[in-house]
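You will see chain A twice below: alongside chain B first, and alongside chain C after that.
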Partner chain A sequence: MNDMRAVERDVDTNDLKITARGVDVFYGDTHAIKDVDVDIVDNTVTAFIGPSGCGKSTFLRCLNRMNDTIDVARVEGSIMLDGEDIYDPKVDPVQLRAKVGMVFQKPNPFPKSIYDNVAYGPRIHGLAKDKAALDEIVEKSLRRAALWDEAKDRLDQPGTGLSGGQQQRLCIARAVATNPEVLLMDEPCSALDPIATAQIEELIDELRSRYSVVIVTHSMQQAARVSQKTAFFHLGELVEFGETGHIFTNPSDPRTESYITGRIG
Partner chain B sequence: MPLLWILVIVLCLGVAGYVLGRQRAMASAGGDRRILHSLPSYYGANVSIFTIVPALLVLTIWLFVQPVVIERQVTSMITDTAIEDAGSRGLVMTDVRRVAEGLDVAIEQGALTSEEARNIRTEFTNVRSRLGEVGVALGSEVTPEVLDAAQRYRELNRIGNQMMTVVVLILAALGLGYAYARTHQEFRARNTVEYAILTILVLASTIAILTTVGIVLSMLFETFNFFQLYPAQDFFFGTEWAPTFESDASELGLLPLLWGTMYVSVIALLVAVPIGLFAAIYMAEYASARVRSIAKPLIEILAGIPTIVYGLFALITVGPLLRDYFAEPLGLGTSSSSVMTAGIVMGIMLIPFVSSLSDDIINAVPQSLRDGSFGLGATHSETVKQVILPAALPGIVGAVLLAASRAIGETMIVVLGAGAAARLDLNPFEAMTTVTVKIVGQLTGDTDFSSPEALVAFALGLTLFVITLGLNVMALYIVRRYREQYE
Partner chain C sequence: MANQEHIVASFDRDLEGIQAMIMKMGGLVEDSIVKSAEALETRDEDLALTVKNGDKAIDALEERVNEEAARILALRQPTASDLRTVLSVFRVSANLERIGDYSKNIAKRSSVVIQMQPINGTAAALKRMARVVELMLKDALDAYIQRDADLAADVRERDLEVDQMYSALFREYLTFMMEDPRNITACMHLHFMAKNIERMGDHVTSICEQVIYLVTGEMPDEDRPKQDRTPYEEGAGG
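Moving on, here comes the complex of A and B:
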């Protein structure tokens, strides 16, 4: 397995976006992530799969330092973004998060209007020079998140008044609107119907041309459909990481195989 | 039987009812609790409720009604001559009650046997000195008529108490029997018990509402009396406050007092709201757990200081300080009591109200909202300004309004800090006074409740009540509007 990864790395060295080496995460005394090495390649979709509680969200949150907000969390090891250690004291987590956007597992719209929710990031980062430009960003983001048709007549209504699935798409639109270089998506389709799911998957595919996307999912089909790389986590360990096609057709670890075929988890 | 014993017996019956009801329910289900409609404890509680509640209800009513009935019976025994001698019917009845009590005390202490007490005669014994020996002092000699009335009073009381004991205990037993008989596996005990609990909850809120209504009505009534004696437009629009207790020339204008109240409150809020809010934001968002655990109790100590101590602080420290360093150099006045003094000190007092409540409210904003904002690359202060504070706003408005009603109702700090002179003035270094101070002022000392000078206190009180009510309605309105927009 290790050999295989070494080979891949050689191939992709030039456009590695994120490299994580020997990452350990502790919540107090709980050892949630154990010595994980992952490479996120530019312009690809990487899927994290694994049973519930195995540490997918935890690892995802390491990639934009969201674990900083949890007092008991401690991250060790090195994570490089474009060759720069993101846990270096010199790095400003605020700037990092502007580059590495995130869609959370639980939809968390702000108690503001739908419009203000999407415009939040562009306003903070000064991405729009006037109101018309902002309107355009909001519309484009909502369209990409497949929410425009449902939301265009109620942009001034509270985002918290949307349905669960609509809120999830609002959060996706909000993250897309800030134009991140890497987008981390924690189960972005967990509350969506098949049509909306397909639209989001389309969006992910489209985003790939400019950014890299990391997606956590519990749906094997989704991982197989949208991702080029797949990482399988189990009990805090990275069991297997490689080409999606390879993992799904010819997994080298027996645990991966039993998970994919539905025996663990 | 003493009241305590009745209570103990009823409660014991209630406990017994609980055990019996539970047992019977289990027995009716053949020991299988799954067959029961409700959990076994509900059957027990049901029997308990039927035992205790009606008995205690009757007991309470009886305790209120019995004295009234007996009083009426005994009063009819007293002749008009006796009333004329004593001055009024009430005074005679007071004597009767004291003699009756005295005899009971004498029996309790063993100075008289109950036989002797019943046969005691004014012709043969000096009842006054006899009762004096056991510590019951009477104002005058006991007349045969009063003694008769007292004896009748004791007799009626004895019968009444006996009847009460019997009725209450029988009722408890009946309730127990009835509920016990109804206990059966299909009986919906849970519904009955929950209905009883609901009734208690409704009663509690009714009491709260009725009290408010009662307070408002009594204020309204007295205010109405006031306006019979003093023209309403002079009260509401008068710019002069000069009560004189001697003549009819009192000027009782509300405006100077209202102005003082508003002026002091506004200054107090200008001090308390920014400091309190910023302290809350620091503690909720930035302070480490250790700092927070020390700083929060320290700030809350401010809330525990009695307002009179704040008043002293205003009187001896803040007042002279403001006068020497601000008012006099700026040529704004030479008084150490001033609106500014009272306002600042009151503001300090209000800091913990604003900070503590706002801190709790900010903490209640879900972490997921902060994460969402950080995840979009917002800084901590952007997150606070644009996400946390808007989400917490309804609660913060509530905290500020609570502080405002405290400020409007505050008295002690104003008396000591701002003085007692009613004045309509813009200069914040001038002594002024507030509505509450004048309410106290008009009602202390010898007050004649038929003069406008005393009754004006109720009109002032009602005005304050209406103002705070208005504040609350406004708060509700703001909060609701805000919610409609965002949540």
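Moving on, here comes the complex of A and C:
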């Protein structure tokens, strides 16, 4: 009775993929993230929601050290991926980002062919020993991104010639080509129409069987549709983190309630 | 609880609208309970007819409430307490509609019983029982509109009283029927009327449970005291 998950919503595992403890992020003097603890479970879609400027994207970017590229950004606390500290000086951020892939708000394919977009990562990471192996990676990645059937006859054409939804799936194919373990998505559907959005959402659900997915979204309905766990951020704090069905029917914190019901956040 | 207004003001108006319809329905149903029992006691056939005809308005309101609530679900995608408000509206309106049906049934039987020889004290006892249920419904609706889970829990407990009154009436009718077989027809009708009122109490209890769910997000535990076993035990021996 208290188990609000429908069968399809079941989280099959309790293995922790990412464990964040006491994470603080500063942009110069601005304290953007305040003492956040989060556990990201493997093979699960975790949604980060919250009003603009609440820190959800900032926190997402901590998970693959994208904040390293911002000079004034400073990250404190610990973020462990499979028990290893990703901020350890020995960790190569480029290798980390191959393991923790990212898809952005606007589809941003390289100005190259569809094939080269997907092959780019495996090439620089030396994942394929010959052309046949690379072909295989490209096909597998495009299949996983549900783009193969639409793209297989035009692999040599520019990725920028695809529709918006197809471009976003191409970016997902590019992200999965390096065999990541975690996929971070920063508002992956906000530039897409409802049909393309539905296709990406369906894809996210399929990706969950292989990867741990973390998605930042402004659409609360989308968070409700695709995720098993939801985290609500507000003013840099993690206000509430729990099972998605619970957050959307009976949240514990009044701030979560105000935000998800469309009152002042 | 989120008591602030929605950013989209028309959403507030929609939610207030369906709840206002529930209160209007509740008012009509309360009225029908009182009048159906009064029709019996005062042997007023016209009043019984009024109650019978009045049920159409209750049914029509239920239909409207359901349409509006479905529209809100489709257009607003309510969540959390808003979602619970809409869900409770569906259930509470169904409960009220059933109570209205019972009143109508009592009114129908009243018009029959009125034609027969009155049996001492029976009509007054039924009216007292109806009065208890009507007060329970009034408090349940107050609890609903004020989001008062404590009051709802209190009303829920009061159903025990109704169950006890029903058991007492059951024994009384049995005695009348054994005393004089000519009472059987009237007592059968009276018994159904008592049973109808007892069922009304159960629907009021269900409304109270909706209030508790609405406020707390959880249904109350099933540990309410029950007292409607007596008829089954004694009925077999009678």
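Heads up, the rule we're going with is that the second predicted complex is superposed on the first by the 209 of 265 C-alpha atoms of A that agree within 3 Å, B and C clash if a C-alpha of one lies under 4 Å from a C-alpha of the other, contacts with A are read in each partner's own complex, and residues count from 1 in each chain.
In the analysis below, a residue touches a chain if its C-beta (ideal position, glycine included) is under 8 Å from a C-beta of that chain, and two chains touch if they have at least 3 such contacts.
Source: prediction; values computed, not measured.
Just chain B (first), just chain C (second), both, or neither: which does A:Asp149 touch?
In the superposed model, A:Asp149 contacts neither chain B nor chain C.
By residue count, is chain A touched more by chain B or by chain C?
Counted on chain A, the partner with more touching residues turns out to be B.
Name the contact category of A:Asp130: first (chain B only), second (chain C only), both, or neither.
Neither partner.
Looking at A:Phe248, would you say it contacts chain B, chain C, both, or neither? Reply first, second, both or neither.
In the superposed model, A:Phe248 contacts chain C only, not chain B.
Can you list the residues on chain C that touch chain A in the complex?
Checking each residue of chain C against chain A gives 1-2, 4-8, 11, 77-84, 217-219.
Which residues of chain A touch chain C once you look at their complex with the stated criterion?
1-2, 220-221, 224, 248-251, 254, 256-258, 260-264
If you look only at chain B, which of its residues touch chain A in the complex?
Counting only chain B, the residues touching chain A are 289, 366-379, 382, 386-387, 390-391, 485-487.
Show which residues of chain A lie in contact with chain B when the two form their complex.
Within the complex, chain A touches chain B at residues 64, 66, 69, 71, 93-99, 101-102, 104, 106, 108-113, 120-121, 124-125, 158, 160-161, 171, 174-175, 178.
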